[in-house]
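Take a look at these structures.
Two complexes are shown next, each including subunit A; its partner changes from subunit B in the first to subunit C in the second.
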Partner chain A sequence: MKRLVAAAVSLCFAAVTAACGGGADGADSSASVGSAVFTTIDALKPGIDANAPINPYNPKGNTFRGYNAEWLGWTKNHLTDPDRFYPGVAKSWQIAPDRSSITIRLHPDGKWSDGRPITAEDVKFSIGLAYTQGGTAYALDPSAAGTASNIKIVDDKTIKITQTAENPSSAFVRGVMETVIVPKHVWGSVLPADFWERLKVAQSDAPGAEAARAGITSLAEKVIAFAPAQDVSAGPFVLKRVNPGEALLVKNRYFHNAANVAADQVRILNYTGNEQVWNYLVAGRLDSAPFTAVPAGVMRRIVQTQGNAVVRGYSPVSEALAFNQSRRPYDNVHVRRALAYLIDREQVTKVASPEGGTASVTTSGLHQEAAKAWLGDGFAALEPYRTDPARAERELRAAGMKKKDGRWTMPDGSPWKMTINVPASFSDWLAGAKAVTSQLNDAGIEAEVITSADYPLYLEEMAAGKYDLGFWLVALGPAPYNIYQRLYGAQNGWQLFGGKLTHVAPGTKGNWMGGAETVDLAGEGRINLGELTVKLNSAPEAEQKKIVSTLARAANQDLPVIQLWDYVNTQVVNTTRFSGFPGDDSDALRLTSGVWLQLGMVKRK
Partner chain B sequence: MTAQVIAGGDARATLRRNFRRGVWRVLRRKPSRMVGVVILGVFTFMGVFGPMLYPERLPRDDNALYAAPSWAHPFGTDFEGTDVLALVITGARYVLLTALVTAVITVALGTAVGLFAGFRRGRWDAVLMRITDMKLTIPALPLLLVLSTVWKFTSAIEMGLVLGLLGWGGVARAVRAQTLSLRERGFVEAARGLGLSTRHIIGRELLPSMAPFIAMNTLIAVTGAVYAQVGLFFLGVLPFDANNWGVMLNLAVFGGGALTTTTALPYMLAPLLAILLLTLGIVLVVDAMDEIFNPRLREE
Partner chain C sequence: MTVIARRLAGHLARGFAMILVVTTISFVIIRSIPGDPMRARYEKLVEQGMSPDQAERATAALYGFMPKGTLWEQYADYMRGLLHLDLGQSLSVPGAEVTTLLASAATWTILPVLVGTLLSFAVGIIMGVYAAIKRSSKLGDVLAVSGSLLHGLPQYVLALLLSAVFTTLLPIFPTGGTADVTLEPGLNAAYIGSLIQYATMPVLTYALAGYGGWILAMKSSVVTVLGDDFIMAAELRGLKRGLIFRYVARNAILPLFTILALSLGLLFGGAIFIERIFTYPGLGLLLLNSITDRDYTLMGGAFLLITVAIVIANIVADMLYTAIDPRVRSGQEAS
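Presenting the complex of A and B:
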């Protein structure tokens, strides 16, 4: 009987090992007992879906950036230059001085995890897939800025991509380098054989262009739904299995830098809320965790765990209180300035984001670190809007507001009730908004926080112009166009279609900020802020600096938003099992730990 | 005639006096019941007078964010340095008013529908019970989540109204069953035989017999309403109000990490304790009510 049990156990074990062993071709079979397992979470994939396809275009897809989803290059976290990269599928690249083209050379020994070589054909095919999804460098509209207009395979490992000459964009290079590369021999059936002919028609003004564009766009769903039978990865890891608790990836032995990849396996743990990440960190389970909003008390507990260390770096994001200037009294710049003088940003940051933020020095539309680099001495010349109740009172009086029984009212004596909207799911925004309303209530302005059930609903209602004020992310760099597009873009009325910029009326086409089309700026006269922002797309660096300076002064003077805090990229690493993590202010900090591993930065202990 | 009226009035006064004495006896029999009454009394006091005990804007202390419990702050402070006990006390009014409105609507509507359907039977019964069945098949929580996207429930009465309208089905079914049973009893047959009006039969014969059941359902509806609204606020789908118990739980867990560290634990425990005590008080009083209204349970 005992033997029977033993035999049954042996058979079961064999069956289980056989089942587990059926991984991808390039999976490193040496990964077993004693192998180095790197554990992390993917900030881009909260809520792993075990049934999702292995597809980087699918929002829930089981591909993980830097691990088994590979870009041409990995963007460095630079203050001002968006065109600096670490190598990805590309080994090197040459950018034309006017950014009109980029020539990419692939790793000569680059291979897919099934052993086949990665070729320029794969890159071209992946660009074709990217066209179905749209994006900065891959717009179908012939007049869109920064679109790749010519893709030329120079040789098996070299490809040259040229952007449209009519409407160039400084974001083109980054758009190309951030292209995810998939194997043509796996995905080939997704694009029709005549795709490139169709694309040519779609990017022209020829008859049938509209139909061709519609045809390509209609492929998007097919691309998103495509489910390869197994993972064929260009990255350092291959997906072995995934369940609702975690995704397990094993080393891709064909990866060009496999010898320097310190981990044999990577476990990407599932999470649906920040508190799960905190618990993982407290338990010391994660070797690295990307930025997560962490309360001060929890951070104190996290760093007590053996091996845990905090790394901080630049994060090109700021939190701001944005006005709907089509609503009274926020159409009056004096009211906006008064609020800026009343809000104590240090206190708000202390309450809302003590670990992941630093109080904004002033409002310029730029993160303070980037502002120093872009503006130099000009940054110090901006009005800092330090807390000054007396000045706030003068501004409110200048706006015609009245004070009755200690409470401020509208100029006609009617009540002024300020409502700040935030999504309920963002606890730091909620705490920040509450801190702002508490301060304003103390100053005699009746203010309250209103929450939206979730972030998509929040954005939808905000775009519909339903809010007076709301929290809004700004300073999304490093590209200056992206930074100022948050203030003087579509949500403030400027619509860029077919290379033509128009300004739409407040409350229409997503214009919820409702700012004026032109403003008077001291020393500059009347300027169109949206036009200047669009110019950032194509202007050379010296001119970009001038434009950024103008826009920063305009944002500081006109206050379409009040910047509250600038985010700090606070991450946690555990040095018990691995070392060599990027240090404070490293330009790799905004990249996933998969990139650190593939570059050979992280070492096994 | 006058003498009869006086005699009838005396009899009712005697009945009321005897009822009050009976209630007092039932409460005294078990000290836990007195504890329940005291708890409910404290919560009632908090609901009515709580907000008056504190300034309109509760004080904050920037240097005491998530402060530990102390004499000054028995349950510590929240993320803004506001006293947590003050938040619980001032937040009681919304919670209790919502619960009260919910209970009144649940019981009034459920009893009316159940009584009418059970007493009239026939088509009315069929129609009303099909409506009740349909109502019972609608899952309340998902519906509330959907409603919350379009309705902000800024007042306790709005919240109570919605919870009440979603919660009467069970009471209606139970009251109908009771009515169907009672209407065949001898005292109802006798009332019918005496030619008494339907209103008299329902109001004077049936309702008093169901009073204990209705009263207990009222209190149970209160606890249900407290859980439902606190749950919705905890999920973050309802408007933010710093002293709402559900919001406090949400912020303690998701903003303060109360389930990860002890820093925000008192902030989470205070509203939880309030909900626990309120439920305990209701359960203890329901125990007493059961005996008050059910003669078979009386020990003397």
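Presenting the complex of A and C:
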């Protein structure tokens, strides 16, 4: 007994000693306890890990966007234009009319949290790091679209970045502006001294280019694993301490706009599930909380808490029911249309996402707000697919489906059982799928929901073409290429390699949507949807509008997906301690509260 | 070599073989789990508002951390690493050593689970003795019912109930975390006080969840012992009630030690539901997250730790039983 107790006590002592050791503590603190503390969560980083490095490239890294991780500029939430930004490390920028280059001017008084100036060299070095990670603006493949081909330091505070002239992309500017900037004097050892020479070779067709590309790509792991001894931040805050429950950041007194940053400290609370965020909100602990799916009952309790207020705005994401068109009977457009006429999207949305969504007005591949802006009068001309059982019956009969004893069967009389797959952990998707199957069962179509154990499994099985129907996010704006790439991209057979577009057969290389490569569209003739989508990358604005109009009509006619609801960015702020939060439909709503603080929007009460 | 040393050597050999087998089986199972974690990460980032390009960039580079080679090659690498006590690097926290992550999480599991287990054990056995002695009275009934109720209540229900009452309706305790981050970590009163405050809810849940089992087991054991001849002999000899109570308790508690030792081994598995509900970053939560993230190396490390802890706990339980029960000891020596 005594030995057992002694062992237990020893274990306890060891645990207490380790617990008292605390987490990372790597910053100079200039603020004292009791000063203005802003409390929030980081939706991009649920599950704070005190063991993770202070590294913005690390998925668990203890850097928080807008607080101690700073981009050149912060992308505004705009319906159609992806190239509007708030200043970040950049004070101003000049985009060439043809988007071939961008000249960036840094804040003249911009400094790192250790007091050293932020220079164009830091930006160039950060771009070097970004090349190891890839992305449109920083692709190593010489034939890739939108790659930064020339980086020129104009002076200590000015840098000009030019994209490849052979294969330009409209995503280039945003790609550059969303570059995270880190201090060269801290990160310098991560890139080899001859990095820029290697990059030149990698971006050419010269012998040894392949080896140079492999060499740069192999640096990615080193970049991601790099662990600076302490936080040196360009943002308004610097990491003071992190423990497994929360991160504490203190104001960076060298930040160029420090005088207008309302908070002295920021606490970012850890969470592992939405219900913890709800508890924080009900308790009134959070000054702001980004979008989290909230049931209506919980939302009622949240708004009852003193100071809590709901802010709503545009969210360029829509939820859709996607078909595997290589499976019968979903290969038949009449069946897809019939289902669209049978599903009452208002009811589905009310059940699945009452606080964070509005029922889709139609299916076009676009969020309805963006659709109005892109299509203008053309939006009203789209078929709305309002609930209409009679039309659904006509469509099903046109597809050859038969009705026996009130239940629909396949054309050959065999049973038709429709299954919708969703990941078990996504409560809104699950509720939506159940609402859809309930409506379809009432309409005589045998339908059921099958859940996948988790999201990774769901996506793998979906990509393997194992599902008839599944839930799929679409309309990821504002860039039109990103929007239609969700319908006419790799998952529908179009593969873009080295600037060359090919279409692969359904069921191969991740083509689970199985749509046709070309379709006939009224007034357009035969069109290749993937080719048009890729064109969106480089087309001028006027041509983009035409292409978007064509693709929207094609999506509306052929229904590769049925759009169910358009997400609404529903956030909660608490006005007890701070004021000046962005209002409804603000273009800053999708940015973190760190950005609101650094821009001086949020004021102390 | 003494009997105990021979017995220990046998246990260790069997334990080592067991660890090897379980490690191999769990390695194969872990590597066979379907799912594409990188694709899931991409989709989540996009859903959270990151541009597809940014999300692609944030996930593409992570493929470099995925295990490479055939299953056999990965297994050989893994076993080679184990020989050097190297469990590899985490995939979900790239660059972090699995041993570091396990050690960090173990801190937050050992403290509350151990305190909770010992607390429930101490209260449970005392109440169990009373419940047995007073089994015909109302007090006995109340104690037995409380044990059955708490034993039957799933841990997560209890945790949700306590969380709703003490963190939301009456916000006395924090909703989650380990300590107030504004306090300087160290052996100072404020920080230790904060540790205790944040650990109270998880500890209380562990203690209440465990209490039911201990009280019922102890009551049953005491009732059995009360019927033994030596108790009747003690009563006939006119021994004091307190002394008889000690006789009863010491004999009845023996089988519970085995369970306690095994419980201490199991504590390394953490308590997934409790840790998740209170955002308490222990081994259970770490294991859960590693499965969601398909962090193969971390999962393997966590399973290995649990296996080793349970094997050791079994050995300790057996050796302890030999040491504390003279009947077992003398029986072995006689044989």
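Here, the second predicted complex is superposed on the first by the 573 of 605 C-alpha atoms of A that agree within 3 Å, B and C clash if a C-alpha of one lies under 4 Å from a C-alpha of the other, contacts with A are read in each partner's own complex, and residues count from 1 in each chain.
Simple rule for what comes next: a contact is a pair of C-beta atoms (placed from the backbone, for glycine too) under 8 Å apart; a residue touches a chain by one contact, two chains touch by 3 or more.
Not measured: the values here are computed from a predicted model.
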| item | value |
| --- | --- |
| Superposed partners subunit B and subunit C on subunit A - clash or fit | fit |
| Partner chain(s) touched by A:V282 [first = subunit B, second = subunit C, both, neither] | both |
| Partner chain(s) touched by A:V351 [first = subunit B, second = subunit C, both, neither] | first |
| Contacts of A:S438 with subunit B and subunit C, given as first, second, both or neither | first |
| Touching partner for A:G297 - first (subunit B), second (subunit C), both, neither | first |
| First, second, both or neither for A:I450, with subunit B first and subunit C second | first |
| Dominant toucher of subunit A (residue count), subunit B or subunit C | C |
| Partner chain(s) touched by A:D428 [first = subunit B, second = subunit C, both, neither] | first |
| Contacts of A:S218 with subunit B and subunit C, given as first, second, both or neither | second |
| Touched partner set for A:Y271, first subunit B, second subunit C, both or neither | second |
| Touching partner for A:A259 - first (subunit B), second (subunit C), both, neither | neither |
| Cα-centre angle that subunit B and subunit C span when viewed from subunit A, reported as a multiple of 10 degrees | 30 |
| Minimum C-alpha spacing, chains overlaid - subunit B and subunit C, in Å | 6 |
| Contacts on subunit A seen with subunit B and repeated with subunit C across the two complexes | 273, 279, 282, 457 |
| Complex contact set, residues of subunit A against subunit B | 273-275, 278-279, 282, 294-298, 300-301, 347, 350-351, 422, 424-425, 427-428, 430-431, 433-435, 438, 441-442, 449-451, 453, 457 |
| Residue ranges of subunit C touching subunit A (in the complex, touch as defined) | 34-37, 39-41, 43-54, 56-58, 60-62, 64-65, 89, 92-96, 100-101, 103-104, 106-108, 110-111, 114-115, 118, 163, 167-168, 171, 175-179, 181-182, 184-187, 191-192, 195, 198, 257, 260-261, 264, 276, 279, 281, 285, 289, 291-292, 294, 316, 320, 323-324 |
| Residue ranges of subunit A touching subunit C (in the complex, touch as defined) | 1, 3-4, 7-8, 11-12, 14-16, 18-23, 25, 33, 37, 43-44, 47, 49-53, 55, 57-60, 75, 82, 130, 132-138, 171, 174-175, 178, 217-218, 220-221, 223-227, 241-248, 265, 267, 269-273, 276, 279-280, 282-283, 285, 290-291, 315, 317, 454-461, 463, 473, 476, 479, 482, 485, 590 |
| Residues of subunit B defined as touching subunit A within the complex | 57, 60, 62, 65-66, 79-80, 145, 148-149, 152, 236-240, 242, 250-251, 253-257, 259-264 |
